[in-house]
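Take a look at the structures listed below.
Both complexes below contain subunit A, partnered by subunit B and then by subunit C.
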Partner chain A sequence: MLHKPSLSRKIFLGFNYVILIGLGLLCFLPIVHILAVSLSSKWAATAGVVKLWPVDFTLASYQYVLNKPQFMVAMWITVQRVVLGTAISMLLTLLIAYPLSKEPKDFKFRTQYAWFFVFTTLFSGGLIPRYMTIRDTGLIDTLWALIIPGAVAVFNVILLLNFFRGLPKELEESCFIDGGGYITSLWNIYAPLSLPAMATVTLFTIVGQWNEWFDGLLLMNSPEKYPLSSYLQTIIVQTNLTNITADDAAALADVSNRTFKAAQIFIGSLPILLLYPFLQRFFVKGIVLGSVKE
Partner chain B sequence: MLDKKFRRQWPLHLMILPGVIIVLIYSYWPMVGIAMAFQKFVPFKGLFGSEWIGLDNFRYVFDLPETGQIIWNTVFIAFMKIIGGLIVPIVVSLLLNELRNELIKRGVQTLVYLPHFLSWVILGGIFIDILSPTSGIVNQVLGLFGIEPIFFLGSNKWFPYTLVITDIWKEFGFSTIVYLAALTSINPALYEAATVDGANRWKQTWHITLPGMLPIIILLATLSLGNVLNAGFDQVFNLYSPQVYESGDILDTFIYRIGMQGAQYGVATAIGLFKSIISFVFIVVSYSLASKFANYRIF
Partner chain C sequence: MKQRKSMSKWLLSVMMLALVLSACSTGNNGSGGDSPSNADNPGAAVSEPGDPFGTYDPPITIDAVRYVGEEVKFPAGQDIKDNVWTELYKEMGINLNYKWIVTGSEQYESKLNIAIASNDLPDIMQVNATQLRQLADAGQLEDLTAAFDNYASEDLKMVMDIEKNALPSATFDGKLLAIPSTQPVIGGSAPLVWVREDWMEKLNLPEPSSMDDLIAIAEAFAKQDPDGNGKADTYGLALTKDIGLNASSVGFFNGFGGFPQIWVEDAAGNLQFGSIQPEMKEALGKLQEMFQNKLIDPEFGVKDTVKVFESVTTNKIGMIIGPSWYPAWPLWDMVKEDENVKWKSYPVPSVDGGAATVQMPFAVSQYYVVKKGYSNPEVIVKLANLYYEKLYSENAEFDKYGQVVEGDTSIGVNKYSLVEVVNPNKDLIRQEELEKALESGSDAEISSAETVIMYKEFQEYLAGNNPLGWSGYAANGPDGSMKQLRLLNDEGKVTTNAYVGAPTETMADRKATLDRLEQETFIKIILGEASLDSFDEFVANWKKLGGDQITEEVNAWKAAR
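Let's look at the complex of A and B:
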């Protein structure tokens, strides 16, 4: 900058720092508060004296939660769906994105196939027909109900196919000259070269699988088959006190399960918080990937 | 000729086949299932055995006293989210752009899009806790300023605004990053030239930064048009309760309650079809606007 900043600019910059740091904290402090509540004793949480630091520190609520058999069962179902769901979804994404990244002259029905997939993002049969279809294919109450119906993520396909298109075609041509076919080319050239893009899409898929709660609620008839997120939904949200008036709520001893809920909220968000540094790194990359078009 | 070409391309068809089958079954077959909107659908009779009743399901829905209010809630909440979701990130990214301290800039960026990755189950749990009128920390803080406890999630006056604000809180970081990415592509020479010409920061923002962001603003604005009937099922479902149905019940939650809890499959499908058709029209319009004004292509 050529000039010394003027007084009004200094005041503006001062305010700007305060506002933005405040905004940043506003996005983060609710989670800190919940963590503090989860580590506080029952009376402290009930009395509402916990702010951002545990009062009367105890791990009791975590012990309680982790000793609940249903919690561990739900966790195991979630682990299975994350691993299987991500693997299957990624494989399908790769197998769809590669042919669609070809020009129509190399893959005759490329445009028709692309519209076949994109149309599903524009129009859908809606909740009930979808439920009936999943029911009719016999997936209700099985792990596959959480994996197969949503396995084709069109957004990820588009992301990856745009990345494929950005790769130099000469690489593939050299593979063809060496006598390789499309499968060799996908496996030996496209897949290794698109590792950063694949990593981005994989991370998003893992987060999506971990977070998805509605399909469990919808497609599992017995709560023992819920994945963790659906189980948490029934524990944390469905038993909420908002449909009781303020006076009633104060009179209820039930408020003491606030620390248990807080502990479960925190455990439910922990994997996301742990993945976050990676998510953040790939996040901007993912946005850029999606916008790279020829 | 065609035969030869197909023989060379068959691995491509084979690769795409599993995806095609899954989409055919789980995305296209439900579209056939929309037929139940015109039926008195009974599951054990199936789509081919159930009685056809024409438009009776639609008549039934539009005669319900709450339907008008629910459509209004949906559009009102969705519209406010669209507007807020556009303005807030633009302002925040402009403010972030003024920061010269890289560490603080990166730190703020890191914090603001954390909520984007958390589900509404987790965030619902957090908001139910911190917005509680008795023990919630938000009302404790407001109390310091002498404000009476507000029943954010339980009063019809506050509920829709709580939905809009918490949704913007969750998502503004995402668009902010998109805008910041667009800002980095503005040529720094423009700012130097403007400084030489005596333009202050405000004028630089108005004449260089904002025009530089305009294409991406137009893109996000037109694409968000497709959301006019998406008031956010995940959020509403995890935050609402019967006492705020009046102000917070939206089409998607209504469909769920009627269809899955009330087992009125035909009626729920009819409302779903109503929503799908209107959304489809808006999405197609928004995509064509986006391709016209922002050179946007889906693939």
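Let's look at the complex of A and C:
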């Protein structure tokens, strides 16, 4: 027999939907607005009449962006850093999380190693020492400067480590009985079983790599080497108008075009938006599994 | 229990290790780095007068850093590392090696701060006043006194002579440590009142000849439906959130005799901070009244300049106080869409009628410096010579190094020069020459190739062939905004910051806090959230929180000159 929801439950559900839909719209509407601005004429965008639907529909800004070499170059650099960065970061995360998930009787200095990693989440050298380290190791101005310094995300290690601990030990023992070593156990037992957790961590890493803009500005020596988010930052931040001369004004008017900026922001966020639906089912499941089986 | 103890021991040792490591790295940094070049004998090459445009043989290579404005464009086949200017430098035996390049001046500033902090300086660089002070105090800059005396071209000396404070502002303990980048700030910053002439005609309003007139116009624009759409959706006067920093409010204060954010001389000859003078209170009172009267956009507190431009171009606001270049942006965006829109500029009126004295910043906000120990410090002087020579002197090649036309866009290639030293009066001279040329119908008297180009644009515009010329004409034409500034300047009604030194010690410490206090107080007063009398409280707090000390330092600086 189906349970008939009580009135109070109905009210609760009603509020729930309203609040969740409201929150959803808060995230969704700005993107729609940016899309609408990017598809409107320059006049309509500056006039502020564009809300959620394009006014004076035109694809001119997309034409401009796709013909702008710098945008495409930055996009390519971001793709490279995301692919390389995620692959390296995931490999390292796995290789660190697996031994750390062992008991001290199996891995003698486990606690000390764990502290070593946790320490880096609590203290950091600060901006200047970080810059100097990267400079002196010769990474500066290369793609690797965006990948290597942040390759081990301790938070992700802890997430995966806890997931590993939740897996039954008997599985690994069976592997040892069949003559496998730790490496076999990691690749053939742990890695396949923890796909949901790894998908979660991968998503974190991809989004993090995609969005990180400051290291590009800091570590790259010319704008042609900026990843997309650093490049977008330079075009969106408003030029300081207090110190300009009369001759600069006309040129500045050109670059203040909002539709161009909107088109670049929208294209810049599109790939990551498209990624979410594919990884989301892992994302939900992964978090639940990781926490319940603790 | 036992485990926990051993864990804390480990933690301790890891922390100590970290400490030792970090100590090592600071030690390294202090002694290492650029010691080899320090061994050279600095200044040996510059002790005698030399050729201001002399070529280096063998060529020298200089490490430099720079920013490129977001608006800078390049002709096909050129980029910032390879263009007409770098070619010119090469001909002189100067090879520029850019250690890094960024987009936009703000990014440049922060990246340079990191370079300074990590002792990673290039041979020559552009710095702001704070960075100049910092580097000078740390003894990291080469003395340029001899280099300037022996290598500066006549033109460069002339420019430095026009802005008498330029060189002193770069001089520390009698040593010239930087070449100031002078800029024509009068055209860039001095405020004028821009009014919708078509609205004025429609509502039959008189010209703004006193602050009361200006407020009456604002009231009419807000209440009498100037756009004729039957809705009360217009405001009288544009205002941005940066009260006292942006021309929209600075000009208003100037009308009441207030000079926010600059140092002014009082009757006794002492320097006083403009923001705390009683004239400011009077102006703030008026703004408060206007806000209550709905003459000002209620959302002004969150609107920056570009947002306010949008209100202006969408016919929401009919009056904005701003610099001479507004015709180029944002007004041109309106005029090209709707030929009925008319904008006209007036000098900022004063309370008692007539034109008020308006303010502009110091003509130098950027400096060019040479790292201590660099063997050819005079090269920075030569680069400055070259900039002026190729663009504004009798031997200028403006069509090659200043502005080139590719297709139907003109590209300002002058922006590729590493060093910019501009005649502070350039805008005024240009307007005067254009006006005379239009009268006589000949460009024979025009001294600069840049102005000749503009003269030709004017002729085409007046012949009706070049609608784009409107903005240039509205600014530099015979009735243009620059003409009004030129007349004001001739009457001595343009004032500037009387303190032109680097930020003093207390300024470096406290100015940011004091500025925030000022901003908050002013905004609250205008919004009516604080009474007008809270201004007195602000003045008392300002003095207490370091303002008095800053005033002392500033006056000590003045006495020392």
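Keep this in mind: the second predicted complex is superposed on the first by the 234 of 294 C-alpha atoms of A that agree within 3 Å, B and C clash if a C-alpha of one lies under 4 Å from a C-alpha of the other, contacts with A are read in each partner's own complex, and residues count from 1 in each chain.
We take it that a residue touches a chain if its C-beta (ideal position, glycine included) is under 8 Å from a C-beta of that chain, and two chains touch if they have at least 3 such contacts.
Here the structure is a predicted model, which means the values were calculated and not measured.
> Looking at A:Leu23 after the superposition, I want to know if it touches subunit B, subunit C, both of them or none. Which is it: first, second, both, neither?
Touch partner of A:Leu23: subunit B, not subunit C.
> Return first, second, both or neither, reflecting whether A:Trp43 touches subunit B, subunit C, both chains, or no partner chain.
After superposition on chain A, A:Trp43 lies in contact with subunit C alone.
> For A:Met132, decide between first (touching subunit B), second (touching subunit C), both and neither.
Both partners, subunit B and subunit C.
> Could you look at A:Tyr182 and tell me whether it touches subunit B, subunit C, both or neither (first, second, both, neither)?
first
> Regarding the shared-chain residue A:Leu122, is it in contact with subunit B (first), subunit C (second), both, or neither?
Touch partner of A:Leu122: subunit B, not subunit C.
> In the overlay, answer first, second, both or neither for which of subunit B and subunit C A:Gln112 touches.
Once the two structures are laid over each other on A, A:Gln112 reaches subunit C alone.
> Looking at subunit A, does subunit B or subunit C touch a larger number of its residues?
Touched residues of subunit A are more numerous for B.
> Look at A:Leu195 in the shared chain and tell me whether it touches subunit B only, subunit C only, both, or neither; answer first, second, both or neither.
neither
> Figure out whether A:Leu218 sits in contact with subunit B (first) or subunit C (second), or with both, or with neither.
Both subunit B and subunit C are touched by A:Leu218.
> Tell me which partner A:Arg9 touches in the superposition: subunit B (first), subunit C (second), both or neither.
First partner only.
> Give me the intersection of subunit A's contacts with subunit B and its contacts with subunit C, in residue numbers.
46, 48, 116, 123, 125, 127-129, 131-133, 135, 218, 237, 240-243, 245-246, 249-250, 255
> Spell out the part of subunit B that touches subunit A in their complex, as residue ranges.
On the subunit B side, the touching residues are 5-6, 9, 11-13, 15-16, 18-20, 22-23, 25-34, 36, 43, 47, 92, 95-96, 98-99, 101, 104, 107-108, 110-115, 117-119, 121-122, 124-130, 132-135, 137, 140, 149, 151, 153-154, 169, 173, 177-178, 181, 195-196, 200-201, 233-234, 237-238, 241-244, 252, 255-256, 259-260, 265, 268-269, 272-273, 275-276, 279-280, 283-284, 297-299.
> Any idea which subunit C residues touch subunit A in the complex?
Spelled out, the residues of subunit C in touch with subunit A are 3, 6-7, 10-11, 14-15, 18, 22, 25, 29, 68-73, 98-107, 110-111, 114, 117-118, 120, 183-185, 187-189, 245-246, 304-306, 309-310, 313-314, 323-326, 328-330, 332-333, 337, 361, 365, 412, 422, 427, 471, 475, 482.
> Can you tell me which positions in subunit A touch subunit B when the two form their complex?
That would be residues 1-2, 9, 12-13, 16-17, 19-21, 23-28, 30-31, 33-34, 37, 45-46, 48, 51, 92, 95-96, 98-100, 102, 106-109, 113-114, 116-118, 120, 122-135, 137, 148-152, 158, 161-162, 181-183, 186, 207, 211-214, 218, 229, 232-233, 236-237, 240-243, 245-246, 249-250, 255, 258, 261-262, 264-265, 268-269, 272-273, 275-276, 279-280, 283-284, 287-288, 293 of subunit A.
> Any idea which subunit A residues touch subunit C in the complex?
Going by the criterion above, the answer is residues 43, 46-49, 111-112, 115-116, 119, 123, 125, 127-129, 131-133, 135, 141, 217-218, 220-223, 234-235, 237-256.
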